[in-house]
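Down below is the structure, laid out as structure tokens.
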Amino acid sequence: MIYNFLFLVATIPVALAHDNGLGLTPQMGWNSWNKYGCNISANDIISAATSIKEKGLLDLGYEYIVMDDCWALKTRDPVTKQIVPDPSKFPNGIKNLSDSIHDMGFKWGMYSSAGKYTCAGYPGSLDYEEIDATTFASWGVDYLKYDNCYNQGRSGTPSESFKRYEVMSKALNSTGRPIFYSLCQWGEDGPWNWASTIANSWRISGDIYDNFNRYDDRCPCESFQCIGLQGFDCSVMNIIRKALPLSQKARDRDGWNDLDSLEVGNGGMTYDEYVTHFTVWAILKSPLMLGNDVSAMSDQDLSIVSNRDLITINQDRGTQPAYSKWTKNYGDSIIILLSGELSNGDWVVALVNGASQQLTYNISMTDVFIDNRIYAEKRWVARDLWTNETSSVNNFIISNVKPHGTQVWRFSKSS
Amino acid sequence: MIYNFLFLVATIPVALAHDNGLGLTPQMGWNSWNKYGCNISANDIISAATSIKEKGLLDLGYEYIVMDDCWALKTRDPVTKQIVPDPSKFPNGIKNLSDSIHDMGFKWGMYSSAGKYTCAGYPGSLDYEEIDATTFASWGVDYLKYDNCYNQGRSGTPSESFKRYEVMSKALNSTGRPIFYSLCQWGEDGPWNWASTIANSWRISGDIYDNFNRYDDRCPCESFQCIGLQGFDCSVMNIIRKALPLSQKARDRDGWNDLDSLEVGNGGMTYDEYVTHFTVWAILKSPLMLGNDVSAMSDQDLSIVSNRDLITINQDRGTQPAYSKWTKNYGDSIIILLSGELSNGDWVVALVNGASQQLTYNISMTDVFIDNRIYAEKRWVARDLWTNETSSVNNFIISNVKPHGTQVWRFSKSS
Amino acid sequence: MIYNFLFLVATIPVALAHDNGLGLTPQMGWNSWNKYGCNISANDIISAATSIKEKGLLDLGYEYIVMDDCWALKTRDPVTKQIVPDPSKFPNGIKNLSDSIHDMGFKWGMYSSAGKYTCAGYPGSLDYEEIDATTFASWGVDYLKYDNCYNQGRSGTPSESFKRYEVMSKALNSTGRPIFYSLCQWGEDGPWNWASTIANSWRISGDIYDNFNRYDDRCPCESFQCIGLQGFDCSVMNIIRKALPLSQKARDRDGWNDLDSLEVGNGGMTYDEYVTHFTVWAILKSPLMLGNDVSAMSDQDLSIVSNRDLITINQDRGTQPAYSKWTKNYGDSIIILLSGELSNGDWVVALVNGASQQLTYNISMTDVFIDNRIYAEKRWVARDLWTNETSSVNNFIISNVKPHGTQVWRFSKSS
Amino acid sequence: MIYNFLFLVATIPVALAHDNGLGLTPQMGWNSWNKYGCNISANDIISAATSIKEKGLLDLGYEYIVMDDCWALKTRDPVTKQIVPDPSKFPNGIKNLSDSIHDMGFKWGMYSSAGKYTCAGYPGSLDYEEIDATTFASWGVDYLKYDNCYNQGRSGTPSESFKRYEVMSKALNSTGRPIFYSLCQWGEDGPWNWASTIANSWRISGDIYDNFNRYDDRCPCESFQCIGLQGFDCSVMNIIRKALPLSQKARDRDGWNDLDSLEVGNGGMTYDEYVTHFTVWAILKSPLMLGNDVSAMSDQDLSIVSNRDLITINQDRGTQPAYSKWTKNYGDSIIILLSGELSNGDWVVALVNGASQQLTYNISMTDVFIDNRIYAEKRWVARDLWTNETSSVNNFIISNVKPHGTQVWRFSKSS
């Protein structure tokens, strides 16, 4: 028997499968990689956080500042075996940086890999989990992004991967400090099946890149049932296809499917494409981690990641991701109908147009409420979450979606 | 060499591979989940059992009353480590409920998971197998449905799954009480290849839902050769496709392919669709576990699950499931010819029409008896097991089947 | 680097990878299952052996008489833990039967399973390997067919399967008696990759049945790259498709791909189909194990399995199987060109017509000798190994093949 | 997060994942197998090295002389357990041969297998790793090609393969002599995911053969995501298809995807086909190991493997392989656009024509610089690396490619 969400919203108290008390909603924040790569420093991080706060994004919930790879020296301290921050990048050390970030009102995240090295070749935490967790806790770390590079062949079965990631989970918990534990394991060995008791979120594919639908040989998998190489340069549509069957696995007491950081603001997609990207990430309850240079962000891009209605849905307590009611071939791609119930009884409904053709479609309420037929007969008021236009709905709603665009509504019961 | 059933019906005494003495025929009964979900109580269970008995279903063989998830408190007893029944749901405890069920003439079944938690987040039995088996036996439990949620990555190879489920098998056996052991492991790692020495039945797919053939993203697998995510919302036709190659693996000395509980009575399918559902479940010798609110069941739905002729075939001792003699594309779906020999020399023959078109088909006796050519030349009398009409058969029999319907006959030798 | 046969025929002494000194050529003989199933007795085996000898088949090389499943009591001796022969079937014990078989000039083979039970539910040898090997050796056993049923989940990776089958290999070797070790593991986990150091032959698919090309749901795999269920009722063409890529893995110092017993004489195929079956088994250097009632065999069927020319090729020392030079779609199926070099410099060339259409085809010598271009320019004399007609070949040879038939020649250099 | 090359060229010092200090660029040299197979001797090796030097190939970088299988006696020394060189082939021992090779200015490579036997049946190093590594070091060995035959089932998961190959890695390192460690494991279990911390290069497919695109049943895998049998007789196009997604995994601090030895000079392909073969091997940064009889090489073939421009790109420090920007169906095959940045800011751009039709194609600079859009707007000068013709490029470049041919340019910024 699979736990069926519909029965249980009202009746079950939250049982936190991973017991650090975090992850009741998907994490929100910013990650340094896309802007800085390895060129990070204390000043850069402070500067980025400042922009994020000034743009109002902290107030909207983007609370984790996560510094990615390349913060360390290439070798551990020969005596303590601790990872050593690069003093040229962090002249006052990382605890000092962490304090500054905290003083600004943010939470502080760091990065390591469940391997011999990090992906960029710095010391990894495999077989050093307790030392590193203790170090992170002593620095006031609130969040760990934990990667999969150089894993010494300890993957290929759920058991191998679980055991490798479980060690750090226990190490983090035993520090006594609640540290959000974010697996970056690319979906290998199906973490949606086993990560919920040890982590707060788990990546489901190779790395995103700033493209809507272009196939790239470096991301050879087109389904979540993929073996051999997860890679990177996975397009938004590639990741969406992988994510659709996995909505069933995300909820507050389990954790979240991580579709990877946001590309909004990086310039590789059109406005409509970024709207699709952000809308789907939000309603599938993916973590919303900004991945751009916020200081240089256009107003239009800022408006996308600042959509309060979608953030509210993403952060709605006690609900699961929307899931696809159908996927249909259309033009040169697919269209997808997504819907999901919200905690106050409202619904989110979206039509994703993966195709390069304009789409006009009558969405049937029987499809929207396919699990909940009684709702199909109710009268709803639909508010478009990008235009804020409101319409009354009965039986069907007409969707007009631009190429690569998405239309999304919040349905409320008509009084 | 694979054990070929045809040789052996008459010559081999039953060697019980799983040695609890149970499962000589597929289990029949009722499971609480579909009606009550987590909203269970002693009174509800008693009430359901009362209806089942009053409707005559106990007399027809539906003997196991199985209470599914959510019967426990969220934490084990800190001293004894036993799972504690929720006193608000079971004010007199579970032993008392078990006694009442037994007094009504039923057998009593319960639920746990081979994981850290049950699917709904209650304590699971992984690493507590002996304590829990002892508790179940002390409560007079006759049947354990044993789920797969939160399994801590101990899956992905037959060896991992076998070892995890074997622990509870041994624990149940060591109680001295015969307890029917029903694996709910969704077909992961091919239980048909390894479960027969430790269990009485094993699920072969993700969870059924009350729909004939609609694809749902939450059940992404379309074949038994599936990895990554078994899910739920699997349609009747989805499960039938997965079951067809597995008939070879079910027999009395091994155990049964569990196609999941019945949806008859839950309102999501037409009469013809429920006829297909029940007929195929019966002749593939799946467990027949009611999953509906029997007290509110229509007479028509009751007549389906009360079909004595199909129940007789399902419970026929010493025979294997029917198997598909061919599968052909037809209209928008497939049609399937199933046949199988019964213990008295009769045969069951069925034509499943998965398509939304009416079907008229001349079924060749050469196909029906493809393993037993000599029978194809005999004269048979065929009785339709839904209309009770009888016809004489030679060479072929004409089948008229409604969309999504199934016609099934019992063939007897013409005198 | 893969060992390339072409270099090495002349230069390498035979290094027996599995070191029992047997299996220098594929085994030939007879197996009891297809005729007797579980209804075996000492008298039946003696009677079968007598027929085989009388028909001249022993002289042709069919030397192993192998008694399959069902020879034991259902429980081991409680004191010695040995398997006990069924005294009703073997009133004088098995050693006595073995002696009789040996006195007739045959070698004596028996059967067990690397599982808790045999496929028919008798005691299996898993975890009793040393006891059983010692028993077999004490009975004068020369050959063990070792099955895969009830393997307790110890499969799914090469490592699991290798370790399970290695135990019996060592046990047999430690008896001091050379016992041909024939794995019946249905191709699970790719035995062609790991069995050669522990066994003399290995099955490559689920069980054969007496049909040329009919798909049966009980044999759901259509490629050697198959997981989940090997099954039985695999047609001749199903097995041939699986075998084609595996020719590279069979040779004297390794062992043989076992395509399963022969069905010739069992009545399910036409003469041309049996010709294809026997020809391909012979030139792919599969074991040639008769599986029929030899006493009731037609002269035509007897002539097929008595083809000295093909037996000579099958038993030709120091050569590998023919392999497919191409496979092409034709009519409703495929046609296959096979060729291979023999130890005296001759070649075997065959065209398999899987289709139900008559085939006339000009076979190019460039294709036949695609690895050995210099041979394509030589002049050859071709003798048809079924009609004995001889023709001179240059550049190409014309093949006329009946539906489902095969034409096979031995090419000799023209003087 | 996957390490993205673009950020890091300039900023990261080389961290050698496999810590023997070798493999900063792909290895170049010659391997004995294709010419000599098992017919090797000290004289043959010396003779081959002499030719290679005389033809100027050592000066071009072909520095490793690697002697493949068949150099040993069939049994180890019973006392020391060392592998014993065959005295009939090496009358003065292997140390003497090694000294001679070194005296000529080459480095010296040998061969073994991570199995019970080598592929040709000689003693393998599995479970003798330390003894053999010590022996190799004592003989002055600089390079070990380490094969996968007879691996005793220790494969099928990354963990099994990693552990098996790690033992020899540690053994080689502990000798104190830097020995280039070249895995010949045919891509099983995805070595690109785990080999970089233990080896300098890893094969990615079954063995190459001297054919451009013919499918051969002995190489049944058509994708890197392949299980069950890697085989041999893999065509150039088969290997290229497997290699395309793997470019992301090769770099100096990790190691190299080994596409197998070169076939140039062996006579099975046309000039244009060899040009494709050599060009793609070079720009994908595969090892360049000659596999032919250099003494008998035509001037044309010699000119191919002597292309200094391509060798320079192959050996360019600090850069990753080119990767495919797109693959398109064309005629009876595919065409592939490859490009990659070089260490001085130049780019290599190539169009591979897998089809048997002549191809004229306008290559868009937007595609070439798809990851680096700013470059697409620059003006480039393109030099054809086979004709040495130079042209100015803006927006697009016209490619005229013969059937099975490849056109490759080095782009430099226009001044």
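In order of appearance the chains are A, B, C and D, and numbering begins at 1 in each one.
Everything below uses one rule, namely that contacts are C-beta pairs under 8 Å (C-beta built on N, C-alpha and C of every residue); 3 or more make two chains touch, one makes a residue touch a chain.
All values derive from a computational prediction rather than experimental measurement.
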### Task
Would you kindly state whether over half or under half of the residue numbers at the subunit C/subunit D interface are used by both copies, giving same or different?
different
### Summary
Rounded to the nearest Å, the gap between Cα centres of subunit A and subunit C is 55
### Query
CA centre of subunit A versus CA centre of subunit B: separation in Å?
39
### Query
subunit D: which residues touch two or more other chains?
157
### Task
Could you tell me which shape the graph of touching chains takes: line, ring, star, complete or other?
ring
### Pairs of chains, among all present, that meet the touch criterion
A-B, A-D, B-C, C-D
### Message
Using the touch definition from the top, list the residues of subunit A that touch subunit D in their complex.
### Response
33, 37-39, 68-70, 74, 111, 116-117, 119-122, 145, 147, 149-157, 160, 184, 186, 206-207, 214, 217-218, 220, 226-229, 231-232
### Query
How about subunit D: which of its residues touch subunit A in the complex?
1-4, 7-8, 11-13, 15, 17, 157-159, 161-163, 166, 189-190, 192-194, 196-197, 224-225, 244-249, 253, 323-324, 327, 370
